[in-house]
Structure formats: C-alpha cells, structure tokens
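Handing you this structure, nothing more for now.
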Amino acid sequence: METEPSPGPAAGNNHKRRKHRAGRTSARHKVGLMPGSLVYVGEHHEQAASISVFDFDATTHRLIEAVRPEDVFAFRDSATTSWIRVVGVHDVAVIEKIGSHFQIHPLTLEDALNTTVRPRFEDSGSYLSVVAKSIGYDPETRALSTRQVSVVWGRGWVISFEEGGQSAFGPIQERIEKTIPRQRMINPDYLAYALVDLIVDHYFLVFEAIGDQIEEIEDSLVQNEERDRLSDILALKRVLATIRKAVWPVRETVSMLERSESALIKPETRIYIRDLYEHSLQVLDTIETSRDMASGLLDIYLTSVSNRMNAVMKVLTIIATIFIPLGFLAGVFGMNFDREISPFNMPELGMKYGYILFWVIVVVLGGGLVWWFRRKRWL
Amino acid sequence: METEPSPGPAAGNNHKRRKHRAGRTSARHKVGLMPGSLVYVGEHHEQAASISVFDFDATTHRLIEAVRPEDVFAFRDSATTSWIRVVGVHDVAVIEKIGSHFQIHPLTLEDALNTTVRPRFEDSGSYLSVVAKSIGYDPETRALSTRQVSVVWGRGWVISFEEGGQSAFGPIQERIEKTIPRQRMINPDYLAYALVDLIVDHYFLVFEAIGDQIEEIEDSLVQNEERDRLSDILALKRVLATIRKAVWPVRETVSMLERSESALIKPETRIYIRDLYEHSLQVLDTIETSRDMASGLLDIYLTSVSNRMNAVMKVLTIIATIFIPLGFLAGVFGMNFDREISPFNMPELGMKYGYILFWVIVVVLGGGLVWWFRRKRWL
Amino acid sequence: METEPSPGPAAGNNHKRRKHRAGRTSARHKVGLMPGSLVYVGEHHEQAASISVFDFDATTHRLIEAVRPEDVFAFRDSATTSWIRVVGVHDVAVIEKIGSHFQIHPLTLEDALNTTVRPRFEDSGSYLSVVAKSIGYDPETRALSTRQVSVVWGRGWVISFEEGGQSAFGPIQERIEKTIPRQRMINPDYLAYALVDLIVDHYFLVFEAIGDQIEEIEDSLVQNEERDRLSDILALKRVLATIRKAVWPVRETVSMLERSESALIKPETRIYIRDLYEHSLQVLDTIETSRDMASGLLDIYLTSVSNRMNAVMKVLTIIATIFIPLGFLAGVFGMNFDREISPFNMPELGMKYGYILFWVIVVVLGGGLVWWFRRKRWL
Amino acid sequence: METEPSPGPAAGNNHKRRKHRAGRTSARHKVGLMPGSLVYVGEHHEQAASISVFDFDATTHRLIEAVRPEDVFAFRDSATTSWIRVVGVHDVAVIEKIGSHFQIHPLTLEDALNTTVRPRFEDSGSYLSVVAKSIGYDPETRALSTRQVSVVWGRGWVISFEEGGQSAFGPIQERIEKTIPRQRMINPDYLAYALVDLIVDHYFLVFEAIGDQIEEIEDSLVQNEERDRLSDILALKRVLATIRKAVWPVRETVSMLERSESALIKPETRIYIRDLYEHSLQVLDTIETSRDMASGLLDIYLTSVSNRMNAVMKVLTIIATIFIPLGFLAGVFGMNFDREISPFNMPELGMKYGYILFWVIVVVLGGGLVWWFRRKRWL
Amino acid sequence: METEPSPGPAAGNNHKRRKHRAGRTSARHKVGLMPGSLVYVGEHHEQAASISVFDFDATTHRLIEAVRPEDVFAFRDSATTSWIRVVGVHDVAVIEKIGSHFQIHPLTLEDALNTTVRPRFEDSGSYLSVVAKSIGYDPETRALSTRQVSVVWGRGWVISFEEGGQSAFGPIQERIEKTIPRQRMINPDYLAYALVDLIVDHYFLVFEAIGDQIEEIEDSLVQNEERDRLSDILALKRVLATIRKAVWPVRETVSMLERSESALIKPETRIYIRDLYEHSLQVLDTIETSRDMASGLLDIYLTSVSNRMNAVMKVLTIIATIFIPLGFLAGVFGMNFDREISPFNMPELGMKYGYILFWVIVVVLGGGLVWWFRRKRWL
C-alpha cells in the first residue's frame, strides 16, 4: 500500500516525504534486470502473505483460510468455482509457486508484483488478467493510499492478488455467501467483473470526499478568510495528479476487457462489463471535472491575494489621504514667519478663535474625505 | 430531482449545501451491492410514484391515470401504441414489477433508478433504452435542477421513467392528442425520439439564460461596478460544470441511437434521429462556448481588480505627490535657525509678504501637479 | 439577418442588446413543437419573401423576378438548369409551397427556416442540401451580421433560401451571364458548389478585417496608450466566438459533401469540392489563429495594466523617497531643544551659514536621489 | 515573396504594416471570381517570370536559361528527365501557357498562383502536385519571408513554380550536376521529393534562429534587465503564428503523398518519402515546442514586471519605514508645550545632552531598521 | 552525447550555451545535401569509434573487443547470435563499412548518424531498426544528456550504434553472461527488445529525479523562502521540454514495433513487446504529469511573488497608518497659535500634564492600531 502523504504544515514535510520513500523498493532496483524477473516493487511489508480459498458452486460454499501455496493447486481443476485470494504480493516465492502451477506467464506475475505498473488488461489465451488500483483517501490527513490489485481468471478459478494490508474484497465474499442459488456468480468472469466493479465503485467515494474539500476551500477563499490555503490547494492538486495516474488507464483496461473475444467471458456477463465500462467513463468525467475545479482554485487563490492586497492598499490610501493634507496644515501653522514685521504674516495665529477654526477645518476636511471614501465604497 | 443550489451570499452557504446532500441517498450506499440490485440513488421523495398510460392509435387515444403497476401489463401486447409514464423512480417496488413484466434487464432498471448514471443508449435486442438528464435553471436563485429520465421502448410500447416531481412530457401528450391522423407518431421509436428531442430542446433555454447572465456579469465587470462578482462567477462556473457532466454524453448517446441497426427503429424515423444528432452537436458547441466565456470572466474579474487597485494607487500617489513636498516646505519655514545671529538664516521669515509668497508657491506647485496629473489622465 | 452588436462605450449597451433580442423569434417558441413543424426562428422582417428564377442552359439565360411560388413549379422538370432564389425565409407559407412541390422533406425546410441551426449537409436521395452561414462584419461599429443560407439541389434545379435583406449571390449570377458557353455551370451541383464557395470566400474578408483590428489593439497596448481597450478586446472575443459557432461546422459540412456518393454530384465537380474542402480547412486555421491572438490580447492588456501601475508606483516612490527624508531634516531643525542650557543642543541653529548649509544638504541629497533614480532608469 | 515585418520600435510600425499590405493583391480581389480563374494573389513583382529548363539523364545534363513558355513544350515527351523551373508566379500568362500544354487542371494552376493557399498534395491521375511554403527568417530585423512553391510532376517532367525573387532550389541542381551516374535522381518523383525535402530542411534553420531568440529573451528577463522586451515577445509570437500557418499542413501533405498509390511514385522512392514524413513530424514537434516556449515568455515577462514592482515597493517601504517614525520624533520635539508651567512638559528639551540623545535614538532606530531589512533580504 | 546545461546562476550562462553549441555539427551543415548522404550531426568527439562483438548461443558466449569493421563481417551469417556494439557514431567511415556489408539502407545509417532525428521504427524487409534516445540527468548541475542509440537487427545478428562515451548496455551483456541456458535471449528480436527496454527503464530514473526537484522547489515556494527560484523553474521546464521531444515518439515507435508483422519478430517475443508498449504509455503519463507540475510551479512562483509583495505592502501600511496620524498630532502641538491673545488658542500647551497626556494618546492610539492589525492578522 503506497501512501502519499500530503504536504503538511510546511517545514519538515519535505524531509518526511523523502524518508517515506526510502522505505520502499523503488523502480530504481529493477532497472537492468531481465524482464520477467520476479521482484517486488513497492512499500516494505513485514507480515507474510496470507492465502485463502473461497470455493463455491450454485448452492454450497466453503472458506479455507491461511493455506500454504501448495494447498491451492488442487483447486485449479476442481469442478467448483475457486477464488484464491492472495493478500501481500511482496512475498515473491508464494506468488511464483502459485503462478507456475496455474501456468501464469512471468510477465503477468511481474505486473502483479510491481506496484508501479499501469492498470491493464491481458488476454493470454488460457487465462485473462486485469491489473487495477484501489484507492483510499483520508480527508483529515489528506493521505491518499493506493493498493495494487490483480485479478487473474481461467476456467473455474479466479486468483486475486492484493498488496499487503486489509483486503478490499470482503463485501464480495459476503454477497456470494448470501445469494442462493447463484446463477451468475458461479462464472469466474462474473466474479472477476464484480471485483473490478467494487474497485471502481470505491473511486466515487474518494471523488466525493475530494469534491467536498474543493468546495470547502473555494468557499473559504471567496469569503476571504485570512487562513492561507495555498498549501491545501497544492496538496489537493498533487492528490488528484496521483489519482489520475492510477485511475486514468482504467477506461482503456475495461474497454479492452469489453472488446475481448475470449471464450472465458460468457455472453451473459458481457452486459455487466458494458455497464462497468460506462462506470469507468463516469470516473474519467468526474476526475477531469475535479482537476478543472482544483486548477480553478489556484486562480481563485490568486484573486483572493489580489483582493487582500487591494484591501491593504485602501487602508494605506485612506490614512495617507486624510492625514497627509492635515499634516501639511499643521505644518503651515507651525511656521515661524515673523508676525511682528507685517500683519500679512500668518494673521491666523493671532486670531481669537484661530485654533478652534483649525480643528473645524480638520474635522470638516477629514469628515469630507471619509464621506467620499464611503461613496466610493472604500469604507 | 437533484437541485444544486448556487453559492449564495457567502456564509452559511457551505452548511446548506452539506445539509442538502444529507437529504439524498448517496452513491455511498450502493458500493458493495451486487450489480443489478435495484436501489434508488437520489433525492428523497415522499409521495408515491404515479403511473399513467396514454394509449393511442392513428385516430383514437385514451388516458388512464393513477393506475397500479399490474394494470399496465395488458398494454405490452396490445395492438395500439401504449405510452406508460412512470413519475417517481424512487418507488423501487413499482419499477421492479413493471420491469419484470416487460422483461427489462435489471441493469437497465438499475440505471433508471440511479440518478447519478451518465446518459446512455442501450440496445438489448427486444427493447431499446435511453437514459438522459432533463435540466432546469432558475436564473434568480441560480439553482440548477437535473431530473433523470429514462425511455425504454419495444414493439408497441414506450415506458418513460422520470424522477419525482412535475413531468416534463406534457407537451408531447398534447401534441399527440391534437394531431390526427397520426402517421409517424404511432411508431414507438418516433415517440421515444420526440421525448428525447424535447429534453434536448430544453437545454437551449437553459443555455440562453446562462448566456444572458454571463453577459450581464461581463458588462458589470467592464463598467467597473463596485459590486464583487467573484461568487457569482464561481457559481456560474459550477453550474456549467454540472450541466456539462449531465449533457456532454448526450451526443454519444444519440450517436449510438443513430447508428443502431435495431429493427425497432423504423427507416422513416432515422431522418429525425439524424436531426436530433445535429441538435446534440449544437448542444456541445454551445456548452463549450459558454464554458469558454465563463472562464474568461475570471480573467476579466482579475483585470477589474487590477484596474481598481490601479485607481486606488493613483489617489494615493496624487495626494502624496502634492502634499509631501508642500509639507516639506512648511517644515522648512518651521525651522528654528537663529535669525538674530545672521541675516543668512531664514530671511524669508522676516519678509513682509513672506507668508503670502508661501501660499502662492503652494498654490502654484499644487496646481502645477494637478495639471500634470490631468495631462497624464490620472485625474 | 441576425446582427450581434458589439458592446459599445459602456452603459446602455446591455439594455440595447436585450432589446434587440426581443425583436426576434427565439428558440424558446419552438420548444415543444413537433419536429418538422415549419416555424421561422430568427429576426423579424417586414417585407415579403422575394422569389426569382434564373434559368439557363449552355448558351441562353433568362431572369424572371418577383414570381409567385406557384410559378416556379414548372422549372422542376424543365430541361434547362433552373436556379430558384428565395430571399426572405421568414415567409413560411411560400417556403412550404415550394418545398412540397419539389418534394423536400419538412425537416430540411425546417432547417432552412430556423436561423439557429448549425451548418450541415444532407443527402436525401432525390436531392442534396447544404445549410451555411454567410457572415458580414462592419469594423467601425464592430457589428457582426450572420445570414443563414440554404442551398437545395436536385436533377436540373437549385433552390437557394436566404434570410431577408440583400442577396449575397449577385456575383454568381453575373458570372453565369458572362460565361458562354457554359460547360461546368449547367450542372446544378457546380452551381451549388459555387454558391457555397462564395460564402466561404467571404469569410476571409471578415477574418482580414478582424486581424487588422487585433493588430491595431495590440499596437495600442504595447505603446501604452492611455485609452482603455478592455471593452474592445472583449467585443472582439465575443465576435470571434459567434463567428466560430457559425463557421466551425463548415469543414464537416463540406467534408460530408465531398465524401457523398450521390449521383447528383458529377465526377468533374468533385475536384472543385475537394478545393472547397481545402478552403474550409484554411478557414479553421485562420479562425483558430485569430482566437489565439485575441486571447493573447487579454494577457497583453493585463501586462499593460501592470506596467501602468508600475509607472504610478514609481512616481509615488520617487516623491516619497526624496521628500520624506528631507521633511525629516526640516523637522529636526524645527525642534525646540533648549539651546541656552547647553551648547550641545542644536548648535546648527546658531551657526551663521546654518540655513544655507541646510539648503545645500537638501539640494545634494535630492539631486543624489534623482541621479540614483536615473541610473535605475526610473526617471 | 510575402514579408511580414515584425513590430519594430513602437510608433510608425502599424502604419508601415498597413502600407506594406497595400502593395499586394489581396484575397479581396478574388472573392466572387469563378473558381479556376487564374489570378495572381500575392505581393507585387516588377520583373518578368524567368523560366529555365534543366534536362538530364543518368550521365548527361544541360541547362537552358531564360526560355519562352513555348520552348518548354518539347520537354514534355522527351526521353530525358526535364525539370522546368518557373520563378515568378505573378506572370499569369506564362503559367497558363505552360499549364495548358502540360494538361494541368486550372485549379492546380490557381493554387500555384495564389500565395495564400495552404500547403497541399493533389493526385490528378496524370500528374501529382505539391504546394508548399519556403520560409526565411532574418533574426536581426525579425522579418519573416514566406515564398510559395509548387511542384508538379508527371512522366518524365517536373515543373517547379516559385514566387518571384531568388530561387531556393540552386543546391538541388548542383547536386544533380555532381552526381554521376544518377540512379535515383532520374526519377521525377525523386526530384520532386528532393525539392520538398529541401524546403522542409530549411525550416529547421529558421527554428534554430527562433529558438536562439527565445533563449536570449528569456535570459534577459530572468536577469531582470531593464529593457522592455514585451514588443520583442509579441513579435516572436506573431512570427511563430505565421510560420505555424505555413508549416502546419506540411505533415498532412507529405502523409497524403506517402499514402498515394499513384504509379508516378516509384517503390524505391517511397522509403525517402517515408523519411520526409518523419522530418515533417519533427517540424511539428519543434514548432509546438517553440510556441510553448514563446507563450511561456509572456508569463515570465509578467513575472519580471511583478518582480520589478516588488523592488520599487521595497524602496518605498524602506524609506517610509525609516523616516516616517523619525519624522514623528522630530515633530514631537518641535511641539510647543509650555515648559515653564510644569516640569512634566517636555523635560527632554531642557536636558544638557538631549539633542545628542535624539541623534543617538535616530541612528539606533534607523540602523536597527536597516539591519532588520537586511535580515529580511530587502536590502 | 548532447548535453544541455541548465541556465546556471544568471550571467555568463547565455554565453556558455552558445559556445557549447559551436562545438557540435549543427543541422545547418546538412541542409542541401542529398538524402542518404552519411554525415555525422552531433557533438564533436575526439576518440575513434570502438567496436566489439558479443557472440553467444544457448550455452556459450565470447566477447571480442576493439575489432576493426572488417572483422565483424563474418558474424552476419554465423549460426550464433552476434551482437555487434558500435560506440561512437561520429566515425562515418566505420558505420558505412559495416552498414554496406549488412546491406543496411543508407537512410537507416543516416538516422543512426544524425543525433537530431526523432525516435522511430523501420521495417526494411531484411532487417528491422529502432532509433531511440537514452537520457541521463544530473540533479546537481541540472545537466541533461541525451545519447542517440540505434538498434538494427536481422536474422542472427543485432547491431547497436551508440553515440560516443560510455556504453549504456553493460547490464544487458552481464545478464546474458549469467543466464544459462538462454532460451529467449538467443533470439535477436528479444535482445533488441531488451536493449530498448533498458533505455525506457532509465527514463523512470530521470523522471524520479525531476519529480524530486519539482517537489523541492514547490516546498521552497510555499514556505516563502526568500531565494529566487525563477531560473530554477525555467531550467526545469527547459529540461522537460527537451526530454519530451526525445521521449514522446517512443510510444509510437514501440507501437509500430508491436504491430509489425515482420517474421523477424518471434511470437514468443511479442508479449514482451506488448509489455514494453505499456511501459512507454507509462512514460507518456509520467512526462505529462511532470510537465503539468512544472507549469504549475510558475503559477505558484507568481503567487509567492504576490504574497511577498503583499507582505511588503503590509509593513508599509502598518508604519504609515500608525505614524502618519501621530505625526499629524505632533504637528498640531507644534503650531504657533498665539496663546496670549486668547485662552481658546491651544490651551493644551499650557496644561500641567499636557505633554504626558500627549504620550498617553500616542501610546493608546498606536497600541490600538497594533491591536487592530493583529486582529486582522496583519501582524
């Protein structure tokens, strides 16, 4: 599970991000290896991979948990539909054992192990495979987590590979258990479809959370709250860029699945895949709209900065416009022209009500300017 | 009916939006359910679904209102053309009963119930279906309402599903009643076309209203009115983003309808569908133009903010440029150089007309600057 | 003829635009009508439609003006090539009569009557039709006029429908009259091509005028003329948006005409249509370049606003930087420290040349700052 | 040859551009003429068209200069490869004579004469033709010159039409002369390819010059030179827009040439045309990169304006922040509170070292602010 | 190897770049030459080309270093797989010798020699060739180096041409040596694939380094560090533009390789090429994301300039708002109204605690403003 933390409250942030990266095997370690070499690329996980088998037919089902890789071999050719769930793709040996028994091409396994590959569909003749990204988003910490999921299915079996952590496929198992008799579900292609559909459905939850955040920031900017939202906006944009990279190829993947002429896809499942395709189109719509709006946020931010600067300028201008002329006036009456030499020199200073007159002028001038500013809506 | 209120006069707005959302069943409740499970996703409605049947042939017609779902079963195989109008798709039981009798696939019904799906066309062999969004816009409150509409038709029957509220299809019924004899209209495909065409025609009314608002805001910005239009602009952009999401797939939908080779579309109707396709292209043109113009508004807004700041700066500069030098002059004549020690010290203070000369300088200097500002068009 | 006046010198403008709109039948009146209902949508015209027939073969020609609709019926099946020119599509009755005799589909007629439809090509088997927009532009008033033109042609006849006003097709008639013998022109398809080509050729005149205006505004902005060009820029952008909507579909229209396999297009005409297609590509090139440049204008405008604000700031800074320190100095020498108590208190005031020294300092300091500003190119 | 002068040092510029235009026959004169009418559209040229024939086979070659149109007729059916070079397409009569003998369609000739047409390829069965634009750029005057070039070739002959001025094809002739034996070159299609390739190769020289200018302006902006580069940037953008219009269709032209199935293109030449196609892709890459960078320049310019304004503001703020408080202090000590009434009134004025203390305060306060500004890197 | 140094710390930079260019043979020298003429276009290299042959079959391998061109001839028809590595394409004679023996078309060799050509794939029947760009990036100096690599392969042989310098293909050789038995690798197509795959894998390392720099700059901007990052941002954008030009066509190249129906590509290799294609899609994703983010940097930079200007304005406003009114007050009490004439004239000056009161007013007023600024979060 690859967690991309959002840039938090400034300093130290950069440091953390770098440190975080150090914790995972980067693509760097893979360059120069033979294609098809099985190497896990992703975050480091301590616990071992967990394998469970959910085996069912139209009316019965059984769950076998925590099995060894060898134990699943029997299910390849069983009459029932067998769903082999592998959680923890960092366990290369396990993946390799299962893969070779089910005759899965090393490149397909490599994709399952490498958490940086793009979502994709592959038709290998004897099995089909889909790589997808499940995403989760915590609105509080703005942490985005992407988990790579691969679904491989052949005649009578489905294998799902997930990155370590909590499996995302609990609801599917529950649904199978509850539905009796199971018409559609006993087809491996329908099960595979249901797994991918669940992942796509989850996207909308994430988009909803992000949409809420975009609106919250926009409102805060329009209401000219003083809080600086720049880092929030950039964090959102980064989250959206990451989501887009993970989610964008999903349409193509599903489209290839839809157009596939493999006998492993039953005619009655095709209408569901067509539906899934429509969902993936909607995903693209939504993500583009979100990106548009997030891009717009920066414009609005700039606007709000301009507006604030405008407000600052107005305060300065009001103060200066009122007091600089009045200051000049006070300066005039502080001049030392020799009143004794001539009555033309500063006669105001000798007037009985001169000082009071000065204040009257001050109040009238100042008040007039305030009135003028009010009329111009500067105050 | 999903109403997206525009951000009103600032505060409280955000709160309202959130509250509003709580009132509808979100996509959140659907994640993890089996595809094809019939669950209504949309705003909550109290009243029950209303079903009516409008049954007609070339010369006669009859309207049966407020019928029970079971009552419409007979119309499936009647010789006449039967238009079954269901208003209120939140009533899942009703939809399910009708759907199963008319052998409509659960996925098609699910689309009719889920007000968040994209417009789409589907050819299921025995029937065709179109999902579309009818939109309404109140320029006063800037409230946009989108209503989901599904039209399903087979041999001799048309079923229209609408979200609860006022039906949008009154005019079509009136037209059918008035036209005698009805050549084209007795074809279900023509009726379905007419329903979709009405929805598309309504788009132009909304675009016209929005175009007027864009022009009004633009004029207000160019004339440098003091009112702050930022929230208006953002509201408009949000409305346009919502419309775009609802309306954008309509071209594709109609294009698929046009290219469909289903026997359920008569040759004589095809020319109308071609026409509808041209309309939907025009919808896209118009919406893109509107979006361009709305995007331009933000630029113009920023420009007007800059212009206003410029105006503020000019006032400040004029005041400071006139009074700071004059203030310096007054300061000079307020200095206390000892005139008695030397005649070189501030002889002006002892001149007979010194003070008058001072005011002459003030007036000449100030007037000169005012003249200069006028020449530079700052005043 | 739909004239879109540009936003003139601010106020009153908005009012005019709205009033103008009231004078035309809006799309609003058409919503809810049966498709194929003939309703004129466009500006109101008082005068009746004028119909003329220009009938010619390889060597002879005759012009019959101001005929009644019934008079043109005979030309449908005549051996000569007959060009029926209808100016004034608001006259629905006339259009309907002619249309029904020439067996033109109501939808085609509806397009000819509705001045808001997009340019399009239609192949109806027995006739072909093209809808296009002729545009005119008055650089002085920045008024853009668009006139809808439809050309319908079959075996031996061409009907052109134009919006009321001055016909745009005079030059074509003159050319036919002058050319003897007429090889190509006696084909209706060549005549139709020539009509559309004339419309497209006119576009370039409009683009040339607009290009000149863009350059004029750009020059005015770069030379920092004080005139505010914002409303000019916005007017130009609006004009270009309107043109684009009218002209953009022309490429598609001509492309469909080119690819049409109708027997109504002779092989020898195809090379001309191919040429017309190249022209329409050039139209798109030109309009996109114009739009780019007009968009650039707003950036340049913002730049020039920034530059002007910069200039204002410099004046303020120069004045303040020179006079605030000098004012401080004058203030110092206006202080009342008691010189009698101690010789350390303001000894300058008692110096013989103190005041002169003060002025020397003022001149040196002020001059130095002026020199510094000159070196920084602020002055 | 159409020279688009760049906007020079402001005034008079606009005037020149307009005057320049007057010197050429505009598209305006062509509107309303019959398509296929041969009219020269372009800059006015005084000198007559010059025609030369370069006739060669695998081992021999001869050059016949300054021939009359009639003299080239014989070369149409000669066994050798004949390259007829016409420089000066404004000479309509000459073009017409040659064209009619070689059975070139009037529309093809029209394209050769009209210097405003887009680059294009045409396959007319008996001959092929390519219209292209040769561009030249003078970095000093920023003058862009575009010359229209048409190459028409059939079995055994190639005709090149160039706008008046210096021919661009000298190098090709030299190469043919030098290469013996000539395997590929004796094919007219290879010669035509070489001519077009030369034009495309020249584009890169122009792009290199423009790239240098972009970098020079960018450096000058980043280093905050005081020179105003706005008009330079706009001139570059205008040059790029003109180039783009001339060069953009070249990819499509070459692509059509590549896909052409004409027997006039020999299989061994196809690999060269494929190579030319790759070059034309690179042209598009380069021009888009240049446009991106030129667009970026305006952003950088705005940034540099902002930076300069920031610098101005800092000077103002530093001066005001230091001297306004000091000025206040001087003002305080200039107050006239009656010290004789009470010892609380301005005791500082009566202190022995009061004045010195004042200056100490001034120096400490001012120095402290300077230190603070330095720490904030404002100084 | 073409190194594009980033704009360093301002001056001298431009000079360096120009000087650097002088050291390479520019495209300029190629214009006017016959296509297929072998001319090296790229940076000047002193050392001679080094040729080595790595010859292997399923179990054995041998490396022959520093051979003469003639020595490799024998490997063309050997039973083993021979990888001929040429490092230093500037040595035209060598390339020509090898090329002519292996019957490689001059145009293919020309592409290998010309370091400015776009990446491309070519199927010449008897051999396939891929031109690609290997890129390296030094984050410290921000120097980007691109090396042109061509891979040509036929039945049993692979020739790789690299620009002079250190070969990039060491890891591949090591892998071949270590893998025994070699099933896939003995196919020349697989070897060619592995070479191209290595180049593409390296791209991700460069993207990672650039991504880190983008984040570092973004953080520095958001935290409002005083360092000016403009030149850093522009350097990054230039680096990305260069990368994009080198890397963009790689998708198309690999796509053509994938779709190629040449017998030189074995079925078992196709799945690897499909994988390579997915990688190249990911390259495009990544580069577009990087470009987006780099473009965003300029916006953020502008924002940070605005923010800084805002900060400056606030300082100015705070100082002016506090001290200008206080200065006015001091000015008032420095006026010389004649107190002896009337008790109304400036009675404050005669009050016992007048001066203390003045300071109280100053402190209260100043303190109040400071409090107000704090509440507005200006301080």
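Each chain gets a letter, A, B, C, D and E, in the order it is written, and its residues are counted from 1.
Keep this in mind: a contact is a pair of C-beta atoms (placed from the backbone, for glycine too) under 8 Å apart; a residue touches a chain by one contact, two chains touch by 3 or more.
Because the structure is a prediction, the values reported are computed rather than measured.
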Original post:
For the sequence-identical pair subunit B and subunit E, what is the superposition rotation angle on Cα atoms, to the nearest 5 degrees?
Top reply: 145
Original post:
CA centre of subunit B versus CA centre of subunit C: separation in Å?
Top reply: 26
**OP:** With chain centres taken as the means of their Cα atoms, state the distance from subunit C to subunit E in Å.
**Re:** 42
Subject >> Multi-partner residues of subunit B (at least 2 other chains) >> reply: 302, 306, 309, 313, 316, 320, 324, 327, 331, 334-336, 346
**OP:** With chains as vertices and touches as edges, which is it: line, ring, star, complete or other?
**Re:** ring
Subject >> Contact footprint of subunit A on subunit B as seen in their complex >> reply: 7, 10-11, 13-14, 17-18, 26-28, 30-36, 105, 107, 116-118, 120, 122, 124, 226, 230-231, 234, 237, 241, 244-245, 248-249, 298, 301-302, 305-306, 308-309, 312-313, 315-316, 319-320, 323-324, 326-327, 330-331, 333-336, 339, 346, 348-356, 358
**OP:** State the interface residues of subunit D toward subunit E in the complex, per the touch definition above.
**Re:** 171, 175, 179, 193-194, 197-198, 201-202, 204-205, 208, 212, 215-216, 218-219, 222-223, 271-272, 274-275, 278, 281-282, 285-286, 289, 292-293, 296, 299-300, 302-303, 306-307, 309-310, 313-314, 316-317, 320-321, 324-325, 327-328, 331-332, 334-338, 341-342, 344-346, 376-378
